[in-house]
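Below are two complexes that have chain A in common, paired first with chain B and then with chain C.
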Partner chain A sequence: MSDRTGRLALANLWVAILAFGVASAMALMQALSRAALDLPWRSAKMYYLSVTAHGTLMALVFTTFFIMAFGYVVAERTLGRAVPHRALAWAGYWIALAGTLATVAAILSGKATVLYTFYPPLKAHPAFYIGATLLVVGSWIWGFVIIRSYLAWKREHAGQPAPLALHGMLATVIVWLIATVGVAAEMLFLLIPWSLGLTKTVDPELARMLFWYFGHPLVYFWLLPAYVVWYAVLPKVAGGKLFSDPLARLVFILFIVLSTPVGFHHQFMDPGIPASWKLFHAVLTFGILFPSFVTAFTVTASLEVAGRAKGATGLVDWLKKLPWGDPLVASVLLSMLLFAVGGVGGAINAAYGMNAVVHNTAWIQGHFHLTVGSATALTFMGTAYWLLPRLTGRELELGLLAKVQPYLWFIGMVLFSISNHITGLMGMPRRIYDASYGGSAVAHAWRGLTDVSAVGGLFLFTSAAFFMLVMLGTGLAGKKSAPQPIEWAEPLEPVSPRAGLLDRYGLWTVVAVVLVLIAYAVPLWQHLQMQRFGSPGFTPF
Partner chain B sequence: MNVPLYEKIWMWAAGGIIAAFIAIVLVTGVGGALQPPSHVETIDPTQVFKDPRFAHPAVTVDANGATVVAFGMMYGFTPAEIRVPAGKRVTFRMTSTDVTHGFLIVGTNANTMLVPGYVSQFTTVFQRPGEYLIVCNEYCGLGHHLMSAKLIVEEAKP
Partner chain C sequence: MSEPQSQMGHPKGTLFLMALYGLLFVASWLSVYVFVYLRRGGVTP
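On to the complex of A and B.
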């Protein structure tokens, strides 16, 4: 790694790791809260403040900084050249970091207990919205630098396809740039002027539509870099080859096209949106299952290649030959298992009618801890074990903890997630400090399972603590050694030397934008035509 | 693109499953059997108490069923106890006077957001008489977990 880009990647990586550490500590407290133990610091104010901090730090800060770090590594290491515009890239880093600190300060001072979805008319301190916007602006600069890296390389390699890892990263950037238009509009036109007192009221439903325009593709922003690891790193570390390069390319392109025009599936239960548009988004939502089905096959087949290369001959004994003791391999394999369950749950959430049974119940928190909380987060933790030594030139410290950590996460997540799925089906709402409802008999039936969820939380917290110890130990005290190379998986069959239809990013971006316009322009326009009434702000925290 | 045979089979199967999902959603959705609450009607959220549509939150029962007019407000629902007949069509018309709330009747699929400025409306039938817990399922402030109400489904009088 050229030292300069390495420093940039490391700076981003450390923010991600620290955000994760702080958010995990808050999670422990949350997980215990509904078990109704009499803990000294337990209060509603602390609970909702903590959920706001945990959601924001995990979903927005940890993920974004990690993806920026990984993006720089991919851009430089697949193309073999330092990323351009390094001064600008550093400026982006500082802008994103300053924004993050402003947002976190607003949350911790108790002036922004609006949760990470910040639905108005709950009204936070302006620093919360401005800070979050700066984080997005910083990430735009990152996206620009990644795209420029590719274009500079392409000029010298006309007609060649981008290496697969970069292909996935470019898809990530494109999805992110399209997605963030929604949240930027929400912040700049609605929430920032309103929180500053420049406007008196805000239309809560319009804000929700803009938020979920952003909120769904946000999940692919989290997922696609994990897929890059599954396709381009995992097979290599496991000792195999990528089963199919063209199919992997197809998968990323499908995500560019389908990620955004589906956001109403988060608003099935909202008034003010006609059923026909909800149904349209529901149908497209099912379409987006397809690339994940393909991924399941290709990645599993790549692992089989690895197992067979190590001498496996039977139907399933190749599974046993995989290096389950390697922290990256174990993290990724377990995250894939959890994601398979999360994917089935996702199809249920998306099912238009069935959504009514689970919407805003504990089922949802069970669901997204499998997806972003495991498919993404556990993959990122595994990636950090692989990446940090390669970036710092230090050996992984406390390797035993790193080996155990993914398994602890898996056990904790199974307990946490299954119990929350069940209490959700039994009608327990999400985002509640206490689940007793004045001694209601129905609520009493949730009790045993909320305890299981708390035990799961303890496992998860222990796992997160192990991860933090390994990271800090490695970063501060790891033995210096010649860094191992960063290498990418080779495909089973050689990649075509000519760029094809699946490498035409401009074209696919246009297709995506057209679809987004069809799915959103009309309902938004219809919405703006209605007689609407704004809401003043409320700060019930 | 050269796709290996097994992966081709897998992809067709995945496509088939997805097509089946979509077909089920379309058939139940378009037929109206399973529609999420998608009523479009606006209201001034600062004037809910004066608005003739919500000035008298209550249940009205007639020959065809019942209409429930209710609103959510930090941290409770008005009326706090709702009585409806079993086996009849019950239409809920609701809104919020302050922040966004949720309305979930535990143990049923009656679930909707209450967004200030909008009227939520849906119709359902309760077959099982008994007492149900209604909870707010969207964070609405520090008393969110206290926000609940009671639904009593009464045996229909013959």
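On to the complex of A and C.
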């Protein structure tokens, strides 16, 4: 890793880690608040402020900066050439950081309590919207640099397929560029002018359509870099090989095509969107389960290769041969287990009728903590244990905490998430400050489970604290050591030296855009033709 | 360690685990459909 790109990656990684630390502290407060404990400073205002800060810092800041850091590492180390446009890449970093600071300042000062979905007519200070927009602009610059890295390499390696890890990262960039068109339109045409007082009212339904055009592929922006780790790093660290390179390439291409035209499954309960279009998005949503099933197969088969290479001969005894004590391996394996449960919940959310049962209930927070909170966050934490020593040239400090941390996260997430799934089915709403509902009989039934959820929150907070201690200990006081190599998993079978259909990124981007136009153009046009009623802004606190 | 796929044969353990997961996936989905959704009365006729 060149020093200059290493510094760029490290700068992004540290923002991600610090954002994670702050967001984790916010989460503890929420978990205890749900258990109705008599905490100092506990109030509705503080609760919703912390929910906003937790969601924004975890879902938007931690993930984006981590992915940018990992993307630079992947680009340089797979292509074997320095990342180009470093000045521009640094400009992107500072723009994203300035935007993050503006957004966080607005939230922590109590002027942007709009939750991470920032649905209008809840209204935030302009700094929140402008800051979030700058974060996205910074990430666009990152995406531009990654694409330019690939194109520069491609000129010298005409006709060759990109290394798999970069293939996955290019898919991430393409998904992100298509997806962020929606949130950019929402910010620039609706929310920023409205927050600045240039327009009096806002169309909440149009804002929600644009948000979820962005909001669901956002999930894949989080998930695809995690899949890069699962495919391109995990088999190597586990002592095996990637079972199938072509299957992995197919998965990333399917995500380019299917990630975006599915947003209406978040809006099944919204008026103003024809049922036929909701059904179309529902069908595509079930389609996007397929690449994740393929991923489950390919990654598990790669682990079986690793276990059998160590002498396993039985049906599943190879599982015991895997290095469960390695922080990266444990993190990814446990995140996959949790994600497998989350997949079932996702298929229930995506079902048009069944969605009504779980809509806006605690089930939803239980679900997305298994996906982004586990598949993504736990994978990213495991990756940080692997990446930070390689970027800093320091040994991992507090190694015992790093070994224990993924297991604490797993236990905490099982307690937190399963209890929230159950209370959700019992009717407990999400995003409520007082789970007792003033002592109602219905709310009394879920009381014990909210305590289980709070215990899960304690485990998760302890795990997050361990992670922060390891990161800070390694970054500030880790012993200097010889640089460790960044190595990628080799495929079991040789990869074709010629680029194929799955390596034609331009073609698949066009296919994705056409599918997006089919899924969104007509319902958006229909919406704009309706008589629409704008809403003034509301600031509850 | 470096045996190619053809020598390793089918990943039988993985196929077993995938089949098990598939069964659990379908059973879980159907149990929510039958015991929660239908029991409460579906929102569609």
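By our rule, the second predicted complex is superposed on the first by the 541 of 541 C-alpha atoms of A that agree within 3 Å, B and C clash if a C-alpha of one lies under 4 Å from a C-alpha of the other, contacts with A are read in each partner's own complex, and residues count from 1 in each chain.
The rule is simple: a contact is a pair of C-beta atoms (placed from the backbone, for glycine too) under 8 Å apart; a residue touches a chain by one contact, two chains touch by 3 or more.
Quantities reported herein were computed from a predicted structural model and do not represent experimental measurements.
Residue contacts after overlaying the shared chain place A:Val316 against chain C, while chain B stays out of touching range.
Look at A:Val305: by the touch rule set out above, it reaches chain C but stays clear of chain B.
Once chain A of one complex is fitted onto chain A of the other, the partner contacts of A:Leu196 are absent, as it touches neither chain B nor chain C.
Contacts of A:Ala282 after superposition on the shared chain: chain B is touched, whereas chain C is not. After overlaying the two complexes on the shared chain, residue contacts for A:Gly353 are found with chain B and with chain C alike. When the two complexes are overlaid on their common chain A, residue A:Gly343 makes contact with chain C while staying clear of chain B.
Touch criterion met: A:Leu122 reaches chain B, while chain C stays clear of it.
In the superposed model, B is the one of chain B and chain C that contacts more residues of chain A.
Once chain A of one complex is fitted onto chain A of the other, the partner contacts of A:Gly272 are limited to chain B, with no touch recorded for chain C. Legend: residue contacts after superposition of the two complexes on their common chain; A:Tyr433 is shown touching chain B, with no touch to chain C. Overlap of the chain B and chain C interfaces on chain A: residues 243-244, 293, 297, 301, 347, 351-354, 356-357, 493. Of all residues in chain A, those touching chain B in their complex are 44-45, 48, 113, 115, 119, 121-122, 203-205, 208, 243-244, 246-247, 250, 267-275, 278-279, 282-283, 286-287, 289-290, 293-294, 297-298, 301, 347, 351-357, 359-361, 426-427, 429-435, 437-438, 440, 442-443, 493, 530-536, 538, 540-541. Across the complex, chain A meets chain C through its residues 239, 241, 243-244, 293, 296-297, 300-301, 303-305, 307-309, 314-316, 318-319, 340, 343-344, 347-348, 351-354, 356-357, 425, 492-493. Put simply, chain C touches chain A in their complex at residues 1-2, 4-5, 8, 11-14, 16-18, 21, 24-25, 28-29, 32-33, 36-37, 40, 42-44. Residues 1-4, 6-7, 10-11, 14-15, 17-18, 21-22, 24-26, 28-30, 33-46, 74, 98-100, 102, 104, 106-107, 109-121, 132-133, 135-146, 148 of chain B are the ones that touch chain A when the two sit in their complex.
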